[in-house]
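In the part that follows, the structures are each spelled out as structure tokens.
Two complexes, one shared chain (chain A), two partners (chain B, chain C).
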Partner chain A sequence: MKRLIVAALAAIGIAAGGMAQAEDFTPAVVFDMGGKFDKSFNEAAFNGAEKFAADTGIQYRDFEVTNPSMREQALRNMARRGAQVVVAMGFAQAAAVETVAQEFPETKFTLIDMVVDLPNVQSVIFKEHEGSFLVGMAAAMASQTGKVGFVGGMDIPLIRKFALGYVEGAQHVNPDIEIFQNMTGTTPSAWNDPTKGGELARSQFDRGADVVYAAAGGTGIGVYQAAKDAGKLAIGVDSNQNYIHPGTMLTSMVKRVDVAVYESFRAAKDGTWQGGIQILGLAEDGVGWALDEHNRSLVSAEMEAAIEQARTDIIAGNIAVTDYMAQ
Partner chain B sequence: MKGFGGPTQAPTWVTHGLVPLINLGLALVIAGIIIALIGENPFEALRLLVLGAVGYPEAIGYTLYYTTNFVFTGLAVAIAFHCGLFNIGGEGQAYLGGLGAGLIGLYLGHWPAPVVIPLAIACAMAFGAFWAFIPGWLQAKRGSHIVITTIMFNFLAAALMTYLLVEIFIKPGQQAAESRTFEAGAWLPFVHDVFAAFGANIGRSSLNLSIVVAAVCLVLFWFFVWRTRWGYEIRAVGHNESAAVYGGIAPDRAIMLAMAISGGLAGLVGVNEIIGVHHRLLLEFTAGYGFVGIAVALMGRNHPAGILLAALLFGILYQGGSELAFDMPNVTRDMVVVLQGLVILFSGALEHMFRGRIERLFARRARAVAA
Partner chain C sequence: MEAVTWIVLVIDATLRVSTPLILAAFAGMFAERSGVVDIGLEGKMLGAAFAAAAAAFATGSAWLGLLAGMGASVGLAMIHAFACVTHRGDQVVSGMALNILVAGLGPVLSLAWFGQGGHTPIVADTARFRPIHFPFADRLSDVPFIGQIYSEIVSGHNLIVYIALGMVPLAAWFIYKTRFGLRLRAVGEAPEAVDTAGISVAGMRYRAMIVCGILCGVAGTSLSIAQNALFVRDMSAGMGYLALAALIFGKWRPVPTLFACFLFAFADAVQARLQGVDIPGVGIIPVQAIQALPYLLTVLLLAGFVGKAVPPKASGVPYVKER
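This part shows the complex of A and B:
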């Protein structure tokens, strides 16, 4: 009898333990140095994670790194403290993910913007050049002067990828178009320097540009403000930023990092999470251009038709957009 | 910088032990009030901070790893202070030091480690020294103010590194502006690997043998500044340049020497980061260590013993602070910066608030006892 009770208790204990584990699902996200409120890349991930928390009631852990050696430490901490899935934001975390994913083969890692080839790593990369191509077309068609501008954050491959797609899109509409390109700086502060962004935009306006595309994180805010002050047009990036200045925001190149984060959490919770590489372009709605009530009046039916046509052509492979990384 | 607060009869343990502790305690009290205001338990926060910094072997490893960086930058700022110079360029000098170490790692990494590592250390020091020597030369010969030039050299270093990593050293076909990983010959061993070789198992952390280099630097710094002619010349120029000239010392030489040594010490951050931890060249690895070095030198009274303690304190704040941000969702990384700022404010900027009063108190007691 006594033995039976012990066995029954043990069974209950095991069952309870199993249930507790199922309920203890903890997803985690490690933001990169930009910080989670950068109004752009990292904030998109934050929004995705928040949406997941609101939809499911499951709390997630997060961490913002402040120096490069913290990346590995943060990922390891997340894995050790029982996070089942850890989203690592940004290409800079690739090396850290590679190390930590080998130490914790049971933990799932989702890396945004870079590829690490391990069974427990899901790599999500975006075809920013395709989205940039479309907004480049929009810029060229909206421009009266035949001159458009680009303000990047730092001169790194990722930003060149944005710039190249933008240039090709603009030239697709108008082969003679003149395109000014400026980078904000050489230090991480380049991602959060609205003052300098505004200066660069103004200098491009002075040289005759009337549409400017910013791919520079928080620096973009200054670019959009400068466009508003000068009565010119600006194009947002990463998130849909059309609402910031309705009337002078021509459109935004949206990159659905929020969806990628949300999907990673959801799939891990449902048990459908898989390692491997996901490449999200126009076809997958991973990137795109934003058309809503804030910029409706700026985009003519003709422009919309041309951009949608190009979108279809890129998906079908009739227009080839050069990927700076694949060169 | 001795006798900072004027002559007193207060015992040494009061001046150098009690007063800093009171300042630190006050900073913690204010920080605790702020933590309580945002709705967290300050005692729990303190517990997490201390536990996160020294509570388990891996944490101690990370704390000492940060300490290593702060010892280098703290000493770098201190040697310049001794010469009356304010070197704000530690960040850029560390960046260049990393480049020096990285070049050796990239091109000579296939050589045996006992050859490569001393070479990489020497090269890191040489690059850092060169980057500080130019502002030093401009100050000594042209009178260009060192504060302005060293700040500008930080930006030049950042621009140079971004260019080199994006255009030249980048591993082809990847997003991150990083070089390839060095061959194993250029890896300064991790402390946990060294312990493992002797059969002891401690947690994995970034701590590597650079800490030995830091220890050697602390001792050599003391010897150089207080026991050699060059150190005497540097201090003489720092106290009074005109008097130094009267005494037959050439200030321009002392200035250039102090700056070159300062840059060399800052360059050693590159050794810790590049061949010690990352084993590849990458952007932004300096992460503000150069600027924190200023606070470390101020708190440490430009003396190696003080710098060691201050560096340890900042190591604890860095490591414990990140653990705190981990476990308390309300405490963001910006809150951790606030905590660090309070410690700097009270032990650096407001340090005379209590010093005089406490020292007078003890001096009076000492006199009373003597009578």
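This part shows the complex of A and C:
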């Protein structure tokens, strides 16, 4: 019996040793409020991390922040437990990243959607205004009433950036278009309030809007549902959300957070990871609009051509889209 | 004419938004009138929202969803009653504990059962309570005023909105005109008198909590499978506490409580429509100011118009028989 236990312990020891070797490189991702499966911003990061795990066989650690005070703790835990690269999702983690990155100068941090100026922090920001411009055009072309809506999550400059790009895109097609804008709230809970989102969308439909664009994380699910219930069109954000309600999802403003996360993990693994700022726009394929089998029937050839033309023009610099945060 | 349309649409939205509030506030009324403080309205709604969405998704039936929602909520109410009535525990602590329990349990169970993180899959339209359109509603919508009122305000809500509004007079009648209601009120004011009359205080309080559970269950169901099509983490978003505020605001009486719920919902509906709107003479009001409107209104009214709110005398006090 004793011998058996010793053998078992030895086997566990060997297994643990083997695991430790496989875990030599451990990337980590800390999701923000809204959660890993928000079908939007955080889920894009999850998909990127999953793809990395599938491609390389390297497991990653993850953590879902469910209240603001957990961010710093979560990042510190990841760093302390030996993660070489930690991806922090969302503008709200900037302060936490700044603190923890100074405590762990050897650990690499990739911050999505915000800039922290430290040597071991890579800040990835997107030109959401460019992508929003394109879906704004789509909205204006699909609208029968000449009125379109926008539902934002938390009222922060980043979301205003989405809104402004959308407005400019819609006005590019139809200068007289009427645009309704609503913000869900002023606290992080505004990222996860589908009931309120649905109500805001309905208030816009009541005023005559027939296309609504949600840049609101999990709150958007309520917006898309309200659009489906009312027989109107909705535009998704961050991830390609066309599949959620085929037939009433006009398109999605895709922000390639998945690529950013994947690239960050890959670069850290290959040793090519660098701190600094990365700005991803239409030219870098960091943002774009989604066209797939779910919304093919809603997008006419004319619309597609006009949007693709605008895309080329923005990349070439012929159309200037205002960046709300640079104003 | 446009102003009339605007008002009609705001009232329409008010009815929609106030539904879960009314149901939860009346649930609280039954509990507190019987002497059990129920801070766990939020948790019961959330639990019901989860159970309703999960059951509606699994069975494809909105009615079974409603039943599951009510079942979950009554179950939670019974835990609360067991802790506070049978074992005379602290009612605020027990209610808060249930809130925290459900806030964690819902997402965990969804993850275990559906594997989509903290939320359930999207429920099909056939398994939801969809808006009911009354006869001729579409044809009458062009008739000014009367037609608009009929097609927007009277018609076109989901079943639970009508249930909530129908429940209000019924609940008032129950509390004020029936023997059950008399005993309910007595047990919240002077339980020793009820006990002397040979009626079980604990029995009355248990019965009140069952009613509370049923109403919270309907409220939660309306959140997840009438207004939305899925359960997500924390989807009740503080509505249970708001209902509690409406109850205090309405001094634990049916009609004032109903109007308190309407007021909160109205403020919410108005703020959704005032964001970024250019008001003549005022200009565009900042979003933050608009969003503070419901709270501002509450403080003003509480300070100026409501007067002293006196709770049922025995509310929050566990009943101990003299030995």
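Methods note: the second predicted complex is superposed on the first by the 300 of 327 C-alpha atoms of A that agree within 3 Å, B and C clash if a C-alpha of one lies under 4 Å from a C-alpha of the other, contacts with A are read in each partner's own complex, and residues count from 1 in each chain.
Quick note on the criterion: a contact is a pair of C-beta atoms (placed from the backbone, for glycine too) under 8 Å apart; a residue touches a chain by one contact, two chains touch by 3 or more.
Bear in mind that the values here come from a model prediction, so they are computed numbers and not experimental data.
Peer 1: Superpose on chain A as described above, then tell me if chain B and chain C fit or clash.
Peer 2: Pair status: clash.
Peer 1: A:102 contacts which: chain B (first), chain C (second), both, neither?
Peer 2: In the superposed model, A:102 contacts neither chain B nor chain C.
Peer 1: Touch test for A:144: chain B only (first), chain C only (second), both, or neither?
Peer 2: neither
Peer 1: So, does A:221 touch the first partner chain B, the second partner chain C, both, or neither?
Peer 2: In the superposed model, A:221 contacts chain C only, not chain B.
Peer 1: Counting only touches as set out at the top, which of chain B and chain C does A:195 meet: first, second, both, neither?
Peer 2: After superposing on A, A:195 lies in contact with chain C but is clear of chain B.
Peer 1: Would you sort A:186 into first (chain B), second (chain C), both or neither based on which partner it touches?
Peer 2: In the superposed model, A:186 contacts both chain B and chain C.
Peer 1: Output check: A:35 vs chain B and chain C. Expected answer is one of first, second, both, neither. What do you get?
Peer 2: both
Peer 1: Does chain B (first) or chain C (second) touch A:207, or do both, or does neither?
Peer 2: Second partner only.
Peer 1: Which partner does A:155 reach: the first (chain B), the second (chain C), both, or neither?
Peer 2: After superposing on A, A:155 lies in contact with both chain B and chain C.
Peer 1: Which partner chains sit in contact with A:68 here, chain B, chain C, both or neither? Use first/second/both/neither.
Peer 2: Only chain B; A:68 stays clear of chain C.
Peer 1: List the residues of chain A that touch chain B in one complex and chain C in the other.
Peer 2: 35, 66, 155, 186
Peer 1: Flag every residue of chain A that touches chain C in the complex, lowest number first.
Peer 2: Residue positions touching the partner: 35-38, 66, 155, 180-183, 185-186, 189, 192-196, 198-200, 202-203, 206-207, 218, 221-222, 225, 229, 244.
Peer 1: Note which residues of chain A are touching chain B in the complex, please.
Peer 2: Those in contact with chain B are residues 33, 35, 61-64, 66-70, 72-74, 76-77, 91-92, 94-95, 113-114, 154-158, 186-188, 325.
Peer 1: For a test of understanding, state which residues of chain C touch chain A in their complex under the given definition.
Peer 2: 9, 12-13, 16-17, 116-119, 122, 130-131, 223, 227-230, 232-235, 237, 268-269, 272-273, 275-276, 287-288, 291
Peer 1: Under the stated contact criterion, what part of chain B meets chain A in this complex?
Peer 2: 62, 65, 155, 158-159, 161-163, 166, 170, 173-178, 204-206, 273, 277-278, 280, 282, 284-285, 287-288, 322-323, 325-326, 329, 332-333
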